[in-house]
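See structure below.
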Amino acid sequence: MIQFYNVSKIYKNKVPALLDVTLRIKKGEFLFLVGPSGAGKSTLIKLIYREEVPSRGQVMFNGKNITRFSSGEVSRLRRKIGMVFQDFRLLPNKTVAENIAFALEVTGASRENIRQAVPLTLAKVGLAKKIDQYPAKLSGGEQQRVVIARAIINNPVLIIADEPTGNLDPDTSGEIMKLFQNINRSGTTIIMSTHAWDIVDRMKHRVIRLKNGKVEGDEDSGVYNLAT
Amino acid sequence: MKIAGCTTLLLNTMFYACREAAISMVRNFWMNIVVVFVIIVSLVILGGAILVVLNADYFASSLESDVEISVFLKPDLDQNTVLEIGERIKDTPGLLEVEYISKERALEQMKASFGERAGILKNLEQNPLPDAYRIKVKDVNQIAALAQSFEKFPGVDKVRYGQGLLEQLLLVTYWVRLLSMALVIALGLAAVFLIAATIRMSVLTRQNEIGIMKLMGATNWYIRVPFFIEGVMLGLIGAITAVAVVSWGYMELLQRLEVAVPFINLVPETAVLTSVLVVLLGLGVLIGATGSLISIHRFLRV
Amino acid sequence: MKIAGCTTLLLNTMFYACREAAISMVRNFWMNIVVVFVIIVSLVILGGAILVVLNADYFASSLESDVEISVFLKPDLDQNTVLEIGERIKDTPGLLEVEYISKERALEQMKASFGERAGILKNLEQNPLPDAYRIKVKDVNQIAALAQSFEKFPGVDKVRYGQGLLEQLLLVTYWVRLLSMALVIALGLAAVFLIAATIRMSVLTRQNEIGIMKLMGATNWYIRVPFFIEGVMLGLIGAITAVAVVSWGYMELLQRLEVAVPFINLVPETAVLTSVLVVLLGLGVLIGATGSLISIHRFLRV
Amino acid sequence: MIQFYNVSKIYKNKVPALLDVTLRIKKGEFLFLVGPSGAGKSTLIKLIYREEVPSRGQVMFNGKNITRFSSGEVSRLRRKIGMVFQDFRLLPNKTVAENIAFALEVTGASRENIRQAVPLTLAKVGLAKKIDQYPAKLSGGEQQRVVIARAIINNPVLIIADEPTGNLDPDTSGEIMKLFQNINRSGTTIIMSTHAWDIVDRMKHRVIRLKNGKVEGDEDSGVYNLAT
């Protein structure tokens, strides 16, 4: 589904975030992306989502080189991907329901459709009560779960989650991981960057380990591998 | 099936765009008040300038229509020669009206214009005034040339027209027109610039939101249309208010001036106001559209 | 020790405030362009209005100073009575100048004013004009009352002054003044309102930042002062530009009019421009300060 | 140092975030605040920092009722506390150095002083390289460390950290915890809300457990107590 060919990303301020990364992600995979702070996990994710373009190399999605996508094609690509941003990126002037609905609205879904899907998806992340709140009135963990709900609402073919459990307590994290597991079983590819070594160790999925922008390890059913 | 889907998508999108524009306008209420205020000021000044130009033209044309050439004939010409000269004058192209004023009529007119002091003329031994033709011309700018040609006619003593005054008045109207035109253009551009700056501000304050929307897969048009609608609406609201202000102000002015200074003649309202109304409304929408398009084009690139 | 510490703290804070204001102004460059533009437009219109009022006053006073009362005496009065009447007139308070015009002088003046047509007056059997006093008054508004009192003097035949025209002119200047005053007040308020709205906008776009600063322990004044400085600076920049525009425009107008329409008299530049300059600069700063204070007071509460 | 007397906090939208909380925190303590997402941890912290005022009850700081503080007193209180916000709250238009310097600037510190302290503190959190970057150009974990640096730079008497390791990998988390431990040893009180059960279990400090706005447990040298 996704291929990286010798991808490097050097940001404008000369920071080398990714160096010569080559990897292949197959449809239906569940993949953990681990590595120390600043290793380049978020950068790798942004390249798939076309939030950034590589400085060198190619990123392919379903056989198409997304580096060369027009603005319209980029929009279409993003509508196929459910994204959990590390920094949430909720629309501050929209309620929880409106924020989640927006992911459906851009696909042109009917209003009837939206009205049904929104409460259902919120219930899945345990936030049915907060449907009409504004993001600023939610706790950190609640905001994070809104972002997760927004990512899964339009049944994307790929979910990319950038540290989706950073603000969640272990119990709620467990719930979310179960949800992801179920979604993955129905055929959706999931890429998840995380620092939660306990989750990685427990779930035994493919683990890609980044360090200083380089792939340091890539194992099926791997573990987090603490340095200490 | 596919076309129906597209229509639904389009309808949904338009519904969304109008809702977004409305929400944005309510949310940025105070900011929009400022924008609309600026548009109102611009358009009111514009409307005022148009009215000044129209009135200056009206005034100028009323002056111009009063301007005549007087051709004074030599004394003691016989009646035939006088008529002949009259025919020759009437044959000249570019004239509006030619009137014969005998010396008797000229004296009566003079007495009438002297009013109370007419007594001074009572004791005249003989009429010192000459026979004359009074001529109105079509184009005021031709007046000097025509006067010169009449001067060469045999039997003509002197030719007079309001030389100094007319030329000066023509210059004044020329300057009024020029200044107003400059003002109108400058203000129109200023208003466009202000709308552009405002929409840009509105884009900037929502930059974060726009970025997020793009990341959610919203297309450029999906994001642009609400701003466009917002700009047009702001222009329209400003224009409608400006039209109201200008109409009310001009009608009020007309009424007051009629009572207070009846000797000043303004263009009567109905004719003028409709044209100003149409111009301002059109300009308001144009300003809004142009301004938002400029900002959208410059600041909403992918 | 403690006082020295406080001074350092104050200096640091002032340094910080000016830096923040400068940064904010550079960062919101386009937004500030809009604000300054609006202030410039307001102040230029204000300056224009002031100049119109000044010129209207100047024009009115030049007219007024030409307005006189003519006291026509009965015919066949002896020289003494004529002088007596002159003395009585001169004793009336509120007069500027009293001039005796004998009927002979009046005829000469009439001949002079007739110019070419003076021939009409050549054949008069006797001088039909009366002796007269020509009187200039101090206060034009007293003219009607004074004229009435002169009418009651024995030996006086008729009293004339430019009744209709003068009253109408006074009304025109009255209206010009009233309209300009209204315009000046409205625009001044509008400019304050605009600055307030702008600073409010600036506060709103930085709301997030302000909230964070407060949470870091910044005092209210620490946060307010930069906005105040920003408002005052915007007002000042606007005022300086407006002063430049008005000065340039007026000087240009003076020059062009002098060449083109020499019969129109405007107030000569230097006297006027300095006062307008001072007024506009002061107003700009005042507008900036008031506007930012309003916004700071309303939107920067704890 | 801090006392809560029957404190309740009901937000404007009728959400009861804290209910009848009474507790006492002594000077020099190191305290963990744990509990599920939405339990009221951040709310409790905001009450100490006077970001929110209690709906009922009193909060005392050094014997003074901070509920009644004037705006000037609130500013002075905040300058004494080093705060790590869950949502970072970095000034987006200032560089990392300027952001950190700001915490000193508000105290009226001399510019000389600031110039020395900033790089030193950044080095402590391992971000010396990023001194002139803007926050948006940092990875999630790097931003979090900037916030930590900002909290400790003016040697506050109290550090309140709201999930300071949510975006950090286990190794970096460990470094930060060591840093906090050292600061605590020199007498600074530390209150830290967290979901990192491994850190809580390892460090054996006082643990206050919140659930649905109520204090469910308060133990010296406690553990996280996973439900599962």
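Points worth noting:
Lettered A, B, C and D in written order, each chain numbered from 1.
Methods note: contacts are C-beta pairs under 8 Å (C-beta built on N, C-alpha and C of every residue); 3 or more make two chains touch, one makes a residue touch a chain.
The shown structure was predicted, so the numbers you read here are calculated from the model rather than taken from an experiment.
Steps from chain A to chain D, taking the shortest chain of touch contacts, total 1. Using CA-based centroids throughout, the chain positioned farthest away from chain D is B. Centre to centre, using the average C-alpha position, chain C and chain D are separated by 62 Å.
Chain geometry summary: the mean Cα position of chain A and that of chain C are 68 Å apart.
Between the CA-based centres of chain A and chain B the separation comes to 62 Å, rounded to the whole angstrom. Chain contacts: chain A has no residue touching two or more partner chains. Among all residues of chain C, none touch two or more other chains. Interchain contacts close the chains into one ring where each touches exactly two others, per the touch definition above.
Contacting chain pairs (ordered by label): A-B, A-D, B-C, C-D. Within the complex, the chain A residues that touch chain D are 11, 13, 15, 34-38, 41-42, 86-87, 133, 137, 139-142, 144-145, 162-163, 166-174, 195, 197-198, 224, 226-228. By the touch criterion stated above, chain C contacts chain D in their complex at residues 5, 8-9, 12-13, 16, 23, 27, 208-209, 211-220, 222, 302.
Taken in their complex, chain C has these residues touching chain B: 30-31, 33-34, 37-38, 41, 45, 110, 119-126, 128-129, 168, 171-172, 175, 190, 193-194, 197-198, 200-201, 204-205, 256-257, 260-261, 263-264. Residues of chain A that touch chain B in their complex: 49, 51, 71-72, 74-79, 83, 85, 89-93, 102-103, 105-111, 150.
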